[in-house]
Amino acid sequence: MIGNIEWTFDMRIVVWNEFVHEQTVDSVKAVYPQGIHVTIAEALRELLPDASVDVATLHDPEHGLDEARLDQTDVLFWWGHAAHDRVEDRVVDRVHRKVLEGMGLVVLHSGHLSKIFRRLMGTTCMLRWRDSGERERLWIVDPSHPIVSGFDDEYLDIPSEEMYGEHFDIPAPDELFLVSWFSGGEVFRSGCTFRRGKGKVVYFRPGHETFPTYHLPQVQQILANAARWAMPSGSKYVGEGRHIIEPLER
Amino acid sequence: MIGNIEWTFDMRIVVWNEFVHEQTVDSVKAVYPQGIHVTIAEALRELLPDASVDVATLHDPEHGLDEARLDQTDVLFWWGHAAHDRVEDRVVDRVHRKVLEGMGLVVLHSGHLSKIFRRLMGTTCMLRWRDSGERERLWIVDPSHPIVSGFDDEYLDIPSEEMYGEHFDIPAPDELFLVSWFSGGEVFRSGCTFRRGKGKVVYFRPGHETFPTYHLPQVQQILANAARWAMPSGSKYVGEGRHIIEPLER
Amino acid sequence: MIGNIEWTFDMRIVVWNEFVHEQTVDSVKAVYPQGIHVTIAEALRELLPDASVDVATLHDPEHGLDEARLDQTDVLFWWGHAAHDRVEDRVVDRVHRKVLEGMGLVVLHSGHLSKIFRRLMGTTCMLRWRDSGERERLWIVDPSHPIVSGFDDEYLDIPSEEMYGEHFDIPAPDELFLVSWFSGGEVFRSGCTFRRGKGKVVYFRPGHETFPTYHLPQVQQILANAARWAMPSGSKYVGEGRHIIEPLER
Amino acid sequence: MIGNIEWTFDMRIVVWNEFVHEQTVDSVKAVYPQGIHVTIAEALRELLPDASVDVATLHDPEHGLDEARLDQTDVLFWWGHAAHDRVEDRVVDRVHRKVLEGMGLVVLHSGHLSKIFRRLMGTTCMLRWRDSGERERLWIVDPSHPIVSGFDDEYLDIPSEEMYGEHFDIPAPDELFLVSWFSGGEVFRSGCTFRRGKGKVVYFRPGHETFPTYHLPQVQQILANAARWAMPSGSKYVGEGRHIIEPLER
C-alpha cells in the first residue's frame, strides 16, 4: 500500500510483470526465483533511494493496475511475453489514458508486442528474432542523453541474450540513444523514447527471461535512469479538447 | 472500376468522404453540391493528369473500401466529421493494415478524430476549436518540403475557416511544414507528416464543410502535392516479423 | 569568482550579454538599467536557489568567457544583437567546443544571428521581423516538455514585443515546445531544443531590449526551466574520434 | 559544359572527388583507374537516363565548382579524404550557400570530415574507425524511405569495407534509413538525411578507396535513389530574412 505515505516520496514506481514463465519454466525460475518484477524492483529501490517502488502482476485483481493505484504512479515498468492476450482491454484502456495524462512508461524487451505498446505506437511493432544466446553490445549513439548518464564506456555488453533484429516496425523514435550489435549479424534500435500525450515512453530491448540480464549493474543503471527521465513534467494537461467561444482581442 | 486498366496509371487515388453533411445541411450542400469528395477528386484529376482518381463514401458496401479496392489504391484521402463512429471497425482494421503495408493516407480537417487517424497516432488527437468563420494564414515553416512545391508566396491564405488551436494531441510529427495563424489568437500545426510501417501519412488541417476551402487553387495544389509525396516507396515490406534461425558467418 | 566554492553548487550558470544597447540607448536603459544580463541573473538566483549564477559581457577580457570560466560553467545564456561581429572568433571557437563537450546553451531572442548559434545550426538563422510593439501569445505545443513545467495555462502572454516571423531558417528542431502567435499575422517556432555533440541547446524567442519581457514571471520561469533542462548529462564524451585496432571476439 | 543544353535534362548532377588517392596509390588506382568520381558518374548515367551527370575535382579551377557550374547543378555528390584542408574556404562558402538555397548534397564515406559537411552539421562529425577489411551489412531501418526503393532484401551486403563505428558526432538525423553491422563488433548510422535551409542532404557511409564498393549494383542503386530524393523541391526560398512593415488586417 502506498496510499497514506505517497507524499513522502519523490518518485512512485510500479513494476508490472505478467509473471508466467517464472512460475512454469524451471530454467526461468532459476534465474528469477521471485519473478523478473521483484529483481527489477529491488534494483530500483537501491539505485533510487528516494523512490517508492511497488510491483504488480497479471494475476492481481485488475492486474494490480486499478484506477487508485495508477493515480499514485509516476512511472510504470512493463514486462510481458506469453500472456499479452490475457491482459484485459479495460486495463489497457486505463493505462493508455494514464500515459496520455502524463504517467511515464518503460516497456521492456518482449513488451514490444504488448497491447499497451502497440496501441501507443499505432504500428505492428514486429521484428526479427533468434533465441540462441548470443553476444549483444549496445552502442551509445546519443551520449548526451540522460538515460545513459553515469556510463564510462561507449557501450553496454551483455554476454548472452536473445537476438532482436531490424526492421523493428515502430514509428521513428523521438530520440534514439542505443543501437545493439549482435554477434549473429543483426542490429536493433534498442533504446528509444517517444512522447505520447503528456506521457514519456521508453523502450529498452534487453531482458529475455532465460538470461540474467536484469541482474547486470549496467542494465539496472539504465532502468533507474529511464525512470528518472520518464517522470511526469510539463504544463497542465490540455489534451481533452475544448470548444473556445471568444477570440482574443487584438 | 479501376480493375482492368490499373496498369495504365502512375497513381491510383481514392478520395473517401463520409458524405453526410452535404446531404442533410443546406448550407453545406450549397458549397459542395455533389459532396466534398467529388470536388477534391475533380481537382486531383486536373492537377495529376496521370492519376486515376476514384471516390468512395460511408454509404457504399464496405464503405467502398473492400480488400480488392484497397489493393488497387496507392493513396487514400479521408474526410469525416459527424459519422466517425459509423465507420465499421473491420474496415478500419483493413485500412490500417494497408497503410502499414505502404498505402499513402491523407487525413483532412476533422478527420483528426477518425478511428483510422487515432489508431495510427496512438493519442487522443483532440484540439481546441471555434467555428466563427475567421481568417487563417498557413505559414510555410519548411520551404524545402515537396508538399509545398510550386508556391511563390511564404504562406497560404484562407479568408474564412473554422479555427483549430493547440494543443493538438498528436505525437511530434516527423515533418512539420505548415503552421496556421488564426485572427482570433490561435496557432496550429496544420501540415504534418508521419511514417507508420511502410505507409506515409499526411495531416492537412483546412476544410470545414461550410466553407469553400477545397475550391481554392492553393489548397488543391497542396492536396495534389500530398498525393505525390504519399505514394508508396521503399523496399519490400518487412513488418511481418520473422523467426531467424541461422546467424551470419563472419 | 566561482572557483573555490564551485563544489557547493548543483548548477553553475553564466549569463552572457553583449551589453551595448543598455549603455547607449535611453529607452533601453530605462527598462534594464543594469543590463539584461543582471535582470536575468537575479531571476535565476531566485528561482534556482541551489544554482551559482554569474554574468559576463562583451567588454570583459576574453568577453568573460576564458577557458577557466567555461570549465566551471554548466549552462551559458546568450543575449546579443548589435555586436555579433565584435565577438572574437577564438571565443566562439571555445564556446562551440564546450557546447559539444556538454555545456548547455540557452540562446535568447536576437541571439539567433550570433556567431555561436549560426555555427551550431549550420544555416543562416534568418527570419522576418517587425518592431512595432505588438501582442505575442506563445502556445505550448508540447505540454509534456520539462521546460514548460509549472504552467497552469496553455500559453504565455506578452503584451508588447517585437515580431519574429517564419520562415525561421534553422534545422528542424529536435523538440518544438512553443509556437508564437503575433497580432500582426505571423507565427514563429519560439521554443526549440537541439542536441549538438553532448550539449543541449535551447532557443527561446522573446526578449527585445525595448520591452520589459525578462521582468515577466512566466518568462523567468521558462528561463529557469531551460537552465535545468540544459544541464550536462549522459555518458563520457566520445566525440573525439578514435582509431580502433582490435575487432571484438565473437 | 552543360550550359546550352541544361533545359533538356530533368536532373543535373555533379560528382565531386578530391581525386588524390587514385593518382598516388597503386592499390587504389587498381580499383578506380579513372577515379571514384568517374565510376560513380557512369553508374548514375546508366540508372538515371534522364539525368545530366558531370564530374569535378579538387584540381580544376575553383575545384570545378564555380558559381556558373553550381547554378546549373541540382545535386552534388562529395567524396574526399586526404585533402579536406586543401578545399578553398571560398568554394566551401559557395557550396554552403547553394545547399541552403536548395541544391541537394550527397556526402560519401570519409566526406564526413569535409569542410562542407562539418559546416552544415555544426558538430565535429568524428567517429571510430578500423581499416582491416571486414564484412559490413547495412540494415534497412526505414523500409518506407524512397532511398531504399527497389530493394528486395532487408539489407545490403558489402564483403569487405573499412569499419566506421559509433559514436558518430552528428546532430540527430531527420531520417535514419540504414544502420550498419560490422563483423568486428560495431554499429553505425550509415544512411541519414538532413534538411538545411532549402537543401536536402544525404550521408551514405560506404566507399573506402581501397575497396570496389562503388562498383556494387546495390550501392549504385542507393546513390541513384539518393540523387532523386535530394532534388530541389518546395516553395520559393525565403531564408534571406525580411523586414516586414505592415501587419495583416484582421
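Labels for the chains are A, B, C and D, by order of writing; each one numbers its residues from 1.
Convention: contacts are C-beta pairs under 8 Å (C-beta built on N, C-alpha and C of every residue); 3 or more make two chains touch, one makes a residue touch a chain.
The shown structure was predicted, so the numbers you read here are calculated from the model rather than taken from an experiment.
Each chain gets a centre from the mean of its Cα atoms; the one farthest from the centre of chain A is D.
Averaging C-alpha coordinates per chain places the centre of chain A 33 Å away from that of chain B. If you average the CA atoms of chain A and of chain D, the two centres end up 38 Å from each other.
Annotation for chain A: residues 137, 140, 142-143, 154, 165, 167, 172, 174-175, 183, 185-186, 195, 197, 238-239, 248, 250 touch two or more other chains. Taken as a contact graph, the chains are fully connected, with every chain touching every other chain. Within the complex, the chain C residues that touch chain D are 100, 119-124, 126-130, 132, 134, 163, 165, 167, 169, 171-172, 174, 183-186, 194-197, 238-248, 250.
Looking at the complex, you find that chain A touches chain C at residues 102, 135, 137, 140, 142-146, 148-154, 174-175, 183, 195, 197-200, 233-239, 248, 250. Those residues of chain C that touch chain B in the complex are listed here as 137, 139-143, 154, 165-168, 172, 175-176, 179-182, 185-187, 189, 250.
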